[in-house]
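Chains here go by letter, A, B, C and D, matching the order in which they are written, and residues are numbered from 1 within each.
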Amino acid sequence: MDLIQFQNVGKDYDNQTALRDVTLSVGKGEMIFITGPSGSGKTTLLKLVYLAEKPDRGAIYVGDVETETLRESQIPLLRRTIGVVFQDFRLLDNRNVFENIAIALRIRGIAEKEVKTKVFDTLKMVNLRHKADAYPRTLSGGEQQRVVIARAIVADPTVLLADEPTGNLDPGTAEGVMRTFKEINARGTTVLIATHNRELYRNTGRRVFTLDSGSLVGEVLG
Amino acid sequence: MDLIQFQNVGKDYDNQTALRDVTLSVGKGEMIFITGPSGSGKTTLLKLVYLAEKPDRGAIYVGDVETETLRESQIPLLRRTIGVVFQDFRLLDNRNVFENIAIALRIRGIAEKEVKTKVFDTLKMVNLRHKADAYPRTLSGGEQQRVVIARAIVADPTVLLADEPTGNLDPGTAEGVMRTFKEINARGTTVLIATHNRELYRNTGRRVFTLDSGSLVGEVLG
Amino acid sequence: MSLPYSVTLALQSLTREKWINLISVLTIASALLIISIAAFVVYNIDAATRSLPERFSMVLYLDDDIQKDRIDGVITALRRNSAVRSLRYIPKEEALRELKSVLKNSTYVFEGLDENPLPDTLELKLRKEAIGPEAVRRLSDEALKIKGVREVDYGEKFLAALHSLRAGTKTVGIALIVILSTGIIFVCYSTVKILFYRRKEEIETFKLLGATRAFIRAPFLIEGGAIGLAGGLISLFGIFAFYYAILLRLSVTMPVFKAVLFPSGPFLLLPGVGIFLGVAGAAIALGRLRY
Amino acid sequence: MSLPYSVTLALQSLTREKWINLISVLTIASALLIISIAAFVVYNIDAATRSLPERFSMVLYLDDDIQKDRIDGVITALRRNSAVRSLRYIPKEEALRELKSVLKNSTYVFEGLDENPLPDTLELKLRKEAIGPEAVRRLSDEALKIKGVREVDYGEKFLAALHSLRAGTKTVGIALIVILSTGIIFVCYSTVKILFYRRKEEIETFKLLGATRAFIRAPFLIEGGAIGLAGGLISLFGIFAFYYAILLRLSVTMPVFKAVLFPSGPFLLLPGVGIFLGVAGAAIALGRLRY
C-alpha cells in the first residue's frame, strides 16, 4: 500500500510555479530520494506532505486521507506522525539543545521520564551528548543540523522528511546520519530525503526522483 | 608577502576549546581551503579573520596590522575590505534580494547609480537576476545561499571568506560558484573557503588545511 | 496536552526573557496605577463637593403677627413634603441673637433698637435628592402658598453654580478616565502584542512540529496572567504607597488632606484586573491560530 | 556615510514595519496626551484657586470721631506698606448702604434707626505675594498701630484654609504629574526598546558587513525622531480636540467651564517634545554600539 501519493500536483507561489503536474507515490516503509537543481521544488514537495503549504492543483494523500479534506484541528495529529529535518533548521534560539529535542516529545504528550531517556539516546546517535546544555547559537553549523535531525527522529515518526540533511556535514558525519536513517527505515519508517548530495543515494538501490523547474523529470535507482 | 597570518592562535568558548595553537599564513592573492569534521573550528577560524571573535592566545595579522591592536573605530574599515559568505546566511528578512546585496555597497558609501549596475551584474553571476524583488523567506535554500555569495563578492573585496558556500547547492550550481570564486581570485582577491565538500578542492592544486578538534592536523595540496 | 507542562513552559519563558517581561509587568503596573489615581482623584473631588449641598438650607420668613398654632400648621404642612429632611423653628429672639453674632464687629448697629425688627423663621434642610435648582424652586413656590409664610430665601445662584460645577467635574472626570483608560489599554495591548510578535517564529515552529492550539495557547495565557498579576500587585502597592506616603504625610502639615477618602476596597480588585488584562491581552495578541 | 541614504533607510523601515511603528506612534501620542491633560487640569485648578485670594480684602474700621486729615494720614501710612495693592475709603454713609443691600431681605432691621451706627472704613486689597496667613497677620498688627484705626477685620480661618488647600493641590498635582510622567516615560522607553530589540540581528549583520556606528545609528535616530514627531502631532491634535470638542461644548450647558483656561502656547511644544522623546529613546535603546 502506498503511504504518500501525489496525483497531478501543482503548486504556485505569487509569481512562480514551484511544482507542475507531479505524480508519484511512496510505499509504506520505503526510502526514496528527491534531487534536482537549486529552486527546482524539492522543499516545496516536502512542505506539501507536512501541510505547510497547500496544493493549487491535484490531490495529495498521506495515509488514507486526502490532505485537502482534513479539518484544521486534525492537522496537528497528522503532523505528529511526521518528523521533519527542516532545511532552515527552525531551532528555538531561546532553548537549549535538550529542550529543542524534547519539545517534539512534549507536544505528543509523552511522560517526562521517557522524555529524558529518549532525548539522551537520540543525542548519542548524532554524537551531541556533550552539547545537551548548549544553545543553538553557540553550535557550529553541522552541530545545529544534527540537532534538527535528532528532533525529527526522536519521536519515532511514521514518516521522516529530511530536507538537505547533510548540507552542513562533513562526509564522515554525513555517512553516520545516513546509517541512522537506514536503521530507522529498517524499523518501518517511510523516509523521504531531498538532497543534492549524490554520495547519499549512490549505490543504495533506492528510487531517486529528479525535479527540474517543478517538473518530475526522472526516476532512477540509486 | 602574507596577507593573513595566524601565530599560535588559540580560542576558547565558555566550556569548549575551539582552536588550539593554530599557525598558518595565506599569501596575498592565494586561494586556500579549510576542511575538517563538524565542530572542528573552521567557522571560528574565519570569524577571527573578520574580527567577529577575538583570539584568546596568539596573534593574528590581517594585512600589516595585528588585529588585537586595532581601535574599535577601525574595525568597520577592515571589514569593508573583506567579503564574507556566512554559514548561517545572515540575510535581512525585511529587505528584498536587491537591497540585501546593495547594502554591502551602501555601507561602503558607493554612489546609487553604481550600486544598481554592480548589484545586477552580481545577481547575473549567481543566476538570480529574476529574484531581485523577492524576499529571503520566499527563496529556496540554494537561492538564499547564492544571495549571500553575491553580497560577499559585490564590493570587490580584498579578502573573500566563504564558509560552507555550497552546502545548499546542487553540484552544477556549486561548480558555477567555484568558477566565480576562481575568477575573483584570478583578479587578485585572496580567497579562504571552509568546506566539507571534497569536490570543491579536488584537483585544484591549492593548499587544503585540515582542522580536527581545533588543531591544524594537515596541510595538503588539493 | 499536559497542564503541568504548559505551566513549566510559561515559567521557563517568564524567567528566560526577564527583561522583556519586566517591561510588560511595569507597563501594566503603571497603567493600572495611573487609572487608579485618576479614579481616586475624581472620586475625592466628587465626595468633597457632594457634602456641600448638604449644608444648603432654605429659610422661610413667617408673618409678623403669626400665632403659635398657625406656626404648627406650617410645620406640619412642610413635614409632609418629601423633599424636606429636617426643619428648625427659630423664634425672632433667637434670630436676632444669631444676626448679632454674625455682625459681631458691628453690634452697634443694633444699639438704637428697642424692639426686635426680625420675623420668626423656619430653616429647612433638604434631602440630597431634592437639591437641584428646579426642585428647590418648586419647593419654594409650594412653601409660599402655605398661609403664614411671608417670604422664602435660598441661594439660587449659589445652588445653580454648585450644581453645574458638580455635574461638570463628573463629566470631565469621566471623560478623562475614559481617555486615560483607552490610551493605557492600548499601551498594554501593544506591549503584549510586541511581546508575542517576537515569538511568531516560535509559534510557527510549534505548529509545524504538531502542537495543538491548546498546547500553544496555554503557556501564553498563563504567562499573560502571571505578568498581569504581578503588574496588578505592584499597582496595588503603588496606590497604597501613594496614599500612605504622600497623602497621609501631607495631611500632617496640611489638614485639608485629612478630608481625603481612601476607598481601599475597590483597589483590592487591582490584581484581579491585572490578571484579566494579561490573559485577555495574551489571547487577543495570539489571535486566531490558523493551521 | 551618506546622509540621504540614511534617510532612505529610515523611511524604508518606517513603511516596512507599519504596524509596529504605528504602535510606537500611538504610545507616544497617548503618553504625551495623558501628561498634557494632567498638566492642564492641575494648571486650571491652580488658576481657579489663585484668583480667590485676589478677592480677599482686609477691612479697617476707623475711630468714630475721626477727622478728615487723620484719615488722609492713615491712608498715606498704608500706601507706604508694600503689601498693599489698592485701598478704598468707604464713608459710613456708603457702608450703611452696602450693609442694607447685603441684608436686603431684612431691611426692616434698620427701620428703627435714626442715626448711622457704622464707622468709616478702609478696604485694602493686598498684593498676591503678601496673601499668606503670616503676612496678613503682620499687616493687621501694623495697621492697628496707626492712630485712628480702631479695629481690623479679615477672614483668618478662610485664609488659612484656602492657603493650605492651594499648597496641597499643587503638591498632589505635581506628585501626580511626576508619577504619570515616570510611568509614561518608562512605557515609551520600553516600546522603543522592544522595537529595537527586534532589530538586534539586523544591527549585528550591519556591523559584520563593515558599517560604521554613524551609519547604523543615523537611520534609527531619524526613525525615532519621525515616530516621536508623529506622536507629538497626534497628541497636539488630541489636546485641542479635548478642549474644543469636550470643554467648549460642555461650557454651553455648564457655564462653569467658561472659566477654564487653555494655554495653547506650551502645548504647541508637544511635537518638539515628541521628537526629543523619540530621538532620545532611540539613542538610549541603541545604547553603546560595541564592535
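One rule holds for everything that comes next: a contact is a pair of C-beta atoms (placed from the backbone, for glycine too) under 8 Å apart; a residue touches a chain by one contact, two chains touch by 3 or more.
Please read these numbers as outputs of a predicted model, since none were measured by experiment.
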TODO: Can you give the shortest number of steps from subunit B to subunit C, where adjacent chains in the path must touch?
DONE: 2
- [ ] In contact with subunit C and with subunit D at once: which chains are those? Just list them.
- [x] none
TODO: Name the chain whose C-alpha centroid is most distant from the C-alpha centroid of subunit D.
DONE: A
TODO: Could you please state the distance in Å, as a whole number, between where the Cα atoms of subunit A are centred and where those of subunit C are centred?
DONE: 63
Open item on the list: I'd like to verify one number: the distance from the centre of subunit A to the centre of subunit B, where each centre is the average of its C-alpha atoms, in whole angstrom.
Closed with: 29
Task: Chain centre separation (subunit A, subunit D; CA means) in Å - done: 68
TODO: Answer with line, ring, star, complete or other to describe the graph linking chains that touch.
DONE: ring
Task: Chains grouped in pairs wherever the two touch, ordered by label - done: A-B, A-C, B-D, C-D
Task: subunit C partner contacts - residues on subunit A that touch it in the complex - done: 50-52, 72-73, 75-80, 82, 84, 86, 90, 92, 94-95, 99, 103-104, 106-109, 112, 151
Open item on the list: For a test of understanding, state which residues of subunit C touch subunit A in their complex under the given definition.
Closed with: 1-2, 5, 12-13, 16-17, 201-202, 204-213, 215, 290-291
TODO: State the interface residues of subunit D toward subunit C in the complex, per the touch definition above.
DONE: 20, 23, 26-27, 30-31, 33-34, 37, 41, 61, 99, 105-106, 108-115, 117-118, 151, 153, 161, 164-165, 167-168, 171-172, 175-176, 179-180, 182-184, 186-187, 190-191, 193-195, 197-198, 242, 246-247, 250, 253-257
Task: In the complex with subunit A, residue positions of subunit B that touch it - done: 13-14, 35-39, 42-43, 87-88, 138-143, 145-146, 163-164, 167-174, 196, 198
